[in-house]
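So that we are looking at the same thing, I have put the structure below in structure tokens.
Chains here go by letter, A, B, C and D, matching the order in which they are written, and residues are numbered from 1 within each.
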């Protein structure tokens, strides 16, 4: 409830609105002894704003993160890490119009229904800027995972009708194109597609994939806290996400057991592994040692410049045109958010698993 | 963590293994004053076992539920409701084989990796029988929702390559065919398809849809406890689920903003509503007053009779044939589980929303 | 909320009323690999009913515990352990009288106010029989603690005006007298005192102490989850507890810093330890390596046979005499409950502490 | 776990160290529509620093609170309220000495044992400054309670051997003397006592009482979330608290049932009430409509100037003298913290109780 805290052992609590004084996060449950600097967070946060990209809004924010607590002599102390990003241009715009009507595809109407009124400036708490806190927290989670040899790669897998091709799949390509696609050709086609949509005052949906290497077996619990269940909550908590697949996802629903079952085999080193990975690295809610694979569907940016039908607060039907520049695509900005939420979930599962066995605990308390 | 409890205010804690003495659930946080009988639960539980269906295993279980606490003079008392179903045939089978190897698509391997050993009889805790507790709890949740005019309909939307047609869509049909599809023709085609698979010792995946009418606006919280985020955790916590869509789901990722945005309109009674429902009844994580629509992808039954490659506990590669009769389809049995988990999530959101506004609380404490 | 679950990682969920069909508990988060039998639980449960004692009610219950799940081949599997005790004589009494009025010192009135009605048979959920679930769960917690060399001793420290003397303190005495006091002389004096009260149709309060040896340093968190804070919740959740002290408790409030501070010293083995233990083994919410000491105040049994003034449900003032035999003392029965709640809290703190440091976690995941 | 979050529905998450950049709190779950300003918080925060008092340290902090989110047009929006107080003099002192040894009565040793090292500047996270966040959160809780006619009074009830007298008890006196005692004479005696202790480089313990008027019946849950259990956790989470009593507390353990039971009566308006209030307003864990009464024992300030024996980090026994001025008494500063923690707990119970009955919920959703 309340709903601004995520995680059970490793927890983040985010706060802040689009046009408030600042946005931030409190990370609680971070173990002591992790080297951590503002630079570690900033690198991650910078991935939220595709900067020079033609396909991202040019809001003049530096988004400089400040660590306010929880670090001493360059290391985490085990106490809460508070991080803040100040809002710069929070007095600039005129929001009298947006205050009076309900934008289609936005949370204006539902906030009013739930709370009786809303902070309408820039979407308030439902703004994409809310993800600043998640991403700052996710930066720490990702750094912890790295300590255990776990690495994440996240990218745009499709934009509108254009999908990456497995034949051209290249992780190195992700940071080289402005759409974060691991396929140069698809990125070019998608860019052209987006240019067309911009002209048409329209926007595109897209999918984001996250793959994780190095995950130990055994993470996740058998029933409600299945690893995939917690990932699902994490990913669906991102605004604009309308679908999620683990491994083959919906394709598994259209195929047969003979095709979908992953055969267990023994590798050259004598370790048990799987011949295929239709399961996406999770069996029965528990990580199976294979690569974790998840795929999120992002709806198109609801803020579009084309005329749209809606109602104002008095219920009168009106036609609106949303001014200002908006990203034609949410998915590209969603990449680092998906990665952050995945990292947060994995750290929590890693810590929870510490008490799965008596003999594991005896390694700690002897 | 631990992971056998679901919910924040209205909570269920399930327990029990496939071949233990019994399975059950403790429901905590049920308000006082609800009329409730074992019959209310039994009706729901009976939907778990498609009885005479050709497509469901004939395990000789009555699955009679017994309420052990929390009811007095036919009404809930506000204290925990404990419910139990005894296992009957838990001594019958010989599990020495299954104990020695890892079935593809099952949690045998991941349980061993996590816990060091496992209760291998019938899948232990990872068996589908674990859902008895969820469904019993869901029956209460559904009854509470009914008190507030909220109703759920859940059905199989596709089996393998065969999907229901919107033209033939008929909710009344769901209980009339053994596959719980709201489309007579699709059900017949799917039945034929399954017959073929059974002969081939193979199995099929499928999708399950749940639609909810009468949901008030305002349920769900803006950030991590979005209504869709909590639904996602609920649905992905069901074994065999590999994908989830809210509203248009992945289709939204392949379309444009102009198409995906739902225009707000005013209906004949002067209420604000939406022209379309691509969002599936949720905007910004909060229910928007439209019909809630979700769709889950179930993988094919992993237990198939055809020969499969795998390894035994010593890592030796072997070929196995899983004996005994197994459902060729998990999705049909998943229908009531999806409905139960949805109902549980909605009740929790309904209760959480009671303190969203000071003026709402003043209706209670004056 | 709801409030029938205790613990964060190692959790118990209790259920059942005094005169329902059964009472029980689900233990979730118990690590795999612990040897556990019904006998382990029964021994602990038997301590709830001082049997032949003159000072305990002779309710004809066997209170035989049955383990329904979570154990396989004599070991915990890591999945929930469900335990149940059936009620035998739940149809015997006539409760029409008790249903109509509010017993002083009982929860009859507050239950009616909260829930609108109540299961009045034997106190329903507010009965002391509710502790069956806690004690069964506590038996497992105590067994886990033993695996880590942590042992608890719990006893009655005072009854009415009679207190144990430190000069005569003898832990071996606890099980030798029917009042569980570690002081033979005090036990005799208290027995005489209780005999007098029984004749007067009156009852006595008492205090219970719990001391814990072998606790590692470092358990507990610095702010809200201080070890003493969680113990306080645990102990105050026991019906009839009205006070709690850690270490010197209220005496610390009446003394000075010079007296109350425990000097750190180095023992013969070169380990840092403390000269005194006014703190009761906790500093800043974290275990300091010294013996943990807590003391709970139990109010006198509210069910007394002497005439008492009260009101009936219509608010009419009446005089009642509570028939039936009741313990003249709650504290003696409270001993094992205090121990159980302490054990549960310590296990949870032990598990939570596993992720306090990166280097601790690296002992697990290398 | 982690432990910087308190509350279930109305939650606070605090962060910050004594000598970090700032300290603060995120309040989540505050209902929308409450008028709230920085002034509301500041008034409460100012009670933390007895200013001109001879008995409080003169740390040169303004402790000006800044609200960073969650308020729009003077009202709470239902989204998290982030509040921050900047530290001013966080670079001033030389902490090389304190870094090298363990102060008796402080958490230096336990932090090092738990986390491997510590932020030793001014006590780091274990400093009394940590309570800034609690008090800021408590200010909001108290304001919410006021909306429902619930008021709190908190005061020092004893200092060392000097206790307030019920004959001279006067709530108006609390703010008139620098020790916040509701008894002018006792305050004068206590002041003289403290003067003597200061000369002796010593310190005093004390007790703090909180009484609550206007609490509705029915708050709190029957088992683990008893109102007193949650209050106990809240109060024991305050550093330096070593004991707690509800109502008569330990005195109840030394008396008889006949004396301790509160007779129910009907008042002039025909309402059921109690003749006495030994229970302190709680029966069976649920508020009974009478005044809530709790009493906390604070140990003496551990930082004393007199020479003390201790060890350094290498385990060598040394004698230290703690320089700098420290309060000779923690209890007086504890007053507002006890009130804040009580208010937070009551708000949480008030909100949780909204779903105790089906008919209550129907007042909201019709």
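Keep in mind that, in the parts below, contacts are C-beta pairs under 8 Å (C-beta built on N, C-alpha and C of every residue); 3 or more make two chains touch, one makes a residue touch a chain.
Everything quoted here is computed from the prediction, not taken from an experiment.
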Key: Contact-richer chain pair [B-C vs C-D]   = C-D
Query = Is it true that over half of the residue numbers where chain A touches chain B are used by both copies, so same, or is it different?
reply = same
Ask   = Rounded to the nearest whole Å, what is the centre-to-centre distance of chain B and chain C, using the mean of the C-alpha atoms as each centre?
value = 38
Query = At what distance in angstrom does the C-alpha mean of chain D lie from that of chain C?
reply = 26
Inquiry  = At least two partner chains per residue is the criterion; list those residues in chain C.
reply    = 1-5, 8-10, 14, 29, 32-33, 78-79, 114-116, 125, 222, 352, 355-357, 359
Request  = Take each protein chain as a node, join two nodes whenever their chains touch, and name the resulting shape: line, ring, star, complete or other.
outcome  = complete
Chain B-facing residues of chain C, complex = 1-5, 8-11, 13-17, 20-24, 26, 28-29, 32-33, 66, 68-70, 72-73, 75, 77-82, 84, 114-119, 124-125
Chain D contact footprint on chain C (complex, rising order) = 1-6, 8-9, 14, 102, 104-107, 109-111, 113-116, 125-126, 130, 158, 160-161, 197, 200, 202-207, 217-218, 221-226, 228-237, 239, 241-250, 252-266, 270-272, 275, 278-280, 283-289, 297-304, 306, 308-311, 315-317, 331, 352-353, 355-357, 359
Request  = Note which residues of chain B are touching chain D in the complex, please.
outcome  = 8-10, 29, 31-34, 78-79, 144, 147-148, 216, 222, 350-352, 354-365
